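I've put the structures underneath this note.
Look for subunit A in each of the two complexes below; its partner is subunit B in the first and subunit C in the second.
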Partner chain A sequence: MELSGLSSPVKIAVRGLTIDYPGAAPAERQRVLDGVDIDLHDGEFLCVVGPSGCGKSTLISAIAGFLTPEAGSISLDGKRVQGPGADRGVVFQEYALLPWRSVLDNVALGLKIRGMRREEREAKARHFLELVGLADVAAKYPHQLSGGMKQRAAVARTLTSEPEIVLMDEPFAAIDAQNRLILQEEVLRLWSTLGLTILFVTHSVDEAVFLGDRVIVMAPHPGRVASVVAVDIPRERRRWPAIGSDPDFIRLRDDVLARVRAEHGARRQ
Partner chain B sequence: MTAAAELGTTPPRAMRRDRWWARAWQDGVEPLLGFAIVIAAWQAGSSLSGVPKVLFPSPADVVWALLDLFNTGILVEYVKLSLLHYLTGVAIGALAGVALGLAIASNRRVSDLLMPLVNFTYAIVEVAWIPLLILWWGYGPSIIIVAVAYVVASPLVHNVVTGVLSVPPVYGRAIRSLGGGSWSVLREVTLPAILPSVFNGVRVGAGFGFRALIFAEMIAQQEGVGYLIFTSAATQQTARTVAGMVVMGVLWLFLDRVYLRPLERASVERWGLTSDAGER
Partner chain C sequence: MTGRPKLQSALLGLTPFVALVLIWQVAPSVFSYPAYMLPTVSEVGRRFIELTLNGELARSVGASLLRLAAAFVVGNLIAIPLGVLLAMNARVSRIVMPVAVFLQAVAGIAWAPLAVLWFGLGNTAVTFLVVNSVFFSSFYNAISGVRSIPPVLWRAVRSLGASPWQVVRELVLPGAMVQLLLGLRTSLALGWRALVAAELIIGTNGIGFLMMDATKWYGTDTIICGIVVIGVLWLAVDRFVFAAIERNTVRRWGMVNDN
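Presenting the complex of A and B:
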């Protein structure tokens, strides 16, 4: 299934991942992911799309370590993942910034947990706030920020801990169309300047094709990998709004869109 | 709070100008007006009705009784003791309630074990314990403190449990993905998140606790404001009893204004918890 042609080593290897959610009764037990295989390469930007309910968030939760697989395994640099850890940073759709802490304290939180001294961790947090363009709101509280600013702060918080990989679950879903494009460009800039490895879940096929080196299309009931599409558009062409009329972009987007549609409402057997 | 605030975003012009005397009237005079009317009616009633002082002392009698109590030093002594026992009881009750609530909310098995017990004791009013405690410990401050703590703790347990259960799980996940363990989740998420419910619970409990204080002092203590009220009536010093009641009311207003309300406001409003803590 791998069409990667990526030469870098595999960072995250998902093998035969199978996840059930327990229902109210044992009979209602639901298989949400069934034998999912995914390789996330070092330095790769990998996107996941698929119809609602196909298990994209479940996949992110499993890699983050919040769920215990029924079968299969997840490993990071060859070491089996057991439970959550700072090596896998997560950016949540709902931001998850602590309302009782200032933006600066939120961004420095991972370093505080690690026991870093206050001046040191605040200096580092300020550096990352600057990277996401939030230097001037460091002292504010999350409820005083717009949705886009909250998500920038959440990204800064995750990056400040310098995780091996970054998991993002529809981070821009609640953000208006205009700011969403800006945030997409910024996340690409951060990815290339910091050399990040990102697994990015989204509903939007445009977003996935704009961002990804590859796009994984998932099928529902139970969730599995339907296909993998390599996005061979050079990075320097990935700019809004120009890319919207790029023939390669349109071709790939239509291809992925057709694959997602084919899976919509699909059911195995 | 003020009339202008209640009227919403566009107060009428006269109010928006906010003359100092208009504000002084609203904040200083209006709240006292109710008291003034009651006191005037009371004075008129007691001097016109001809009921003996022992049964119906006038406001003036009560003021004299207060002055007398103050001069002999009893008032200050009793108020100090009542406050000390009360605040100790509230503090112990708050800590116990939070600890018990956290234990219950954190673990299914602990919850199954303790929740029925908590509900059962919730139904037993503190007054019912006092005779038993007197039997065990004799008269004294420990009974007062326990009675207040009990009244504060039992509703608080419920507040803490529902508070913990309504914390969005995503916060805990965020902490764990930043490398934190259970201790970090407790410190960074659970405790701050339940603070509003704790304040709320303590405030409600503190009101009931105050009644428990006075009541416990009446039957299980030989000092304090409750004792003053009770013993003065028994010895026909009715003006003193009423003086004790006035002191009780003033004490409560003081506690509520000076401690409870500002405490609540300070944290809850700054974090914007009133508006978007419920956000997913």
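Presenting the complex of A and C:
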């Protein structure tokens, strides 16, 4: 069994991560993550699933540096994470493209912020636009694109900055079913050709099993890691729609689904 | 493609003005009133030509516009940075907000008595009042504009490694542009009104002064000329300057919709 990633060094180490959301009153303070331990290995594609309220998006926000932990730590290559930074690229469910910048300028934004000269950054942005299949809409504005194209542009923007790791927060949740499958295949292709390290949060078990080397199942109230499932399906078999009838895929998906449902049920008791 | 509807809507917009002039034209034959209260259309037209030829109108309008421009620039240079800073920083907001609300109640012309005692009648006092009027609409629009930027955009820009100053340049100013433009537009309109009012009361030249001065010799024709000039100037600025800015920024970016 080949588990790509697990033999490689740890990129992101999450240790005892505990996060509270302050309520309006002290009594309404809520624990969203409670003592979460996660290792993300160099070159790994790690997926996180779980019922709503399990804090999976909070996990992404914390690693991105948008939240301050109550306890515990997050480190990247052994260095403690403090605040947002370009070493951790984020792809948001809402695309988060700047409406006043053309697609090309959106994709080049990270390089502009870094102070790269115009021709240089535009050439690089064009290269990544080509990689995601958007070369011909570089001059358009985000509002002129479909949801799927917007998310491709957002992925290109994140990749252009060449971050150490890519955090993806339910990136395809708002995309229609047909395009979602295509984007899943594309993100796998980018991951393998560019050698990316990805932490991918989703509510779709199919998506998680299709994409991940491992799938982390989280439990809610408060959010914590319930179990970790290794997905030992060879990469060359990960193609829609064929994988839908692959016995290994079905077995793993049903396994993960059962674990998620168990956590969902546990909450209701 | 839009040529015909555009012309049509311009003509539609003109109709009330034409109607008003017609009513004015026939008024003397319907109602009876002393001629000095409301001169005829042609009398006002003649006076307009007179004022134009002797240069008095250009001098007055020029003085007013120069003062308005100065007050507009100064007022906004204070209002917009302060509003942006306040919207981005909770502590600044807690310090500045109460005083801003207090001052808003007495904004504009209510400062006239103090302005006269501090600066005397004339230019400085008028400019002070106009700056005061210009300030608040830009200030509040800047605040609500910055606060209307979706949180996910802040996160996106910061996770690309932006410094606070880069956040302001790349996100805050363009992201608040719709409201900033609205604030500028409103503040110029309020400033224009405050200017005329201030010139009427404490001015020593300008279009407002020209009108007030005309009351000494029952110059209703001059006063009406003044009213028309004030309105037409504003219409031109609103239509050509602000509409053009909007077209080339927020409209192009898909940030506002026509209904």
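Following the convention adopted for this analysis, the second predicted complex is superposed on the first by the 260 of 269 C-alpha atoms of A that agree within 3 Å, B and C clash if a C-alpha of one lies under 4 Å from a C-alpha of the other, contacts with A are read in each partner's own complex, and residues count from 1 in each chain.
Basically, a contact is a pair of C-beta atoms (placed from the backbone, for glycine too) under 8 Å apart; a residue touches a chain by one contact, two chains touch by 3 or more.
In this text the structure is predicted, and so the values were computed from the model without any measurement.
Is the arrangement of subunit B and subunit C around the shared subunit A a clash or a fit after superposition?
clash
Determine, under the contact definition given at the top, whether A:W100 touches first (subunit B), second (subunit C), both, or neither.
A:W100 contacts both subunit B and subunit C.
Quick one: is A:R251 in contact with subunit B, with subunit C, with both, or with neither? Answer first, second, both or neither.
neither
Could you look at A:F66 and tell me whether it touches subunit B, subunit C, both or neither (first, second, both, neither)?
Both partners.
Once the complexes are superposed, what residues of subunit A are shared between the subunit B interface and the subunit C interface?
In subunit A, positions 61, 64-66, 83-86, 88-90, 92, 94, 96, 98-101, 109-110, 113-114, 141-144, 157, 161 sit in both the subunit B and subunit C interfaces.
Could you list, by residue number, the parts of subunit A that touch subunit B in their complex?
Counting only subunit A, the residues touching subunit B are 61, 64-66, 83-86, 88-90, 92, 94, 96, 98-101, 109-110, 113-114, 141-144, 157-158, 161.
Which residues of subunit B touch subunit A in the complex?
Touch residues, subunit B against subunit A: 168, 170-171, 173-180, 184, 188-189, 192-193, 195, 267, 270-273, 275-277, 279-280.
Along subunit A, where are the residues that touch subunit C in the complex?
So the residues of subunit A in touch with subunit C come to 61, 64-66, 83-86, 88-90, 92, 94, 96, 98-101, 109-110, 112-114, 141-144, 157, 161.
Okay, in this complex, where on subunit C does subunit A touch?
Going by the criterion above, the answer is residues 150, 152-153, 155-163, 166, 170-171, 174-175, 177, 249-250, 252-255.
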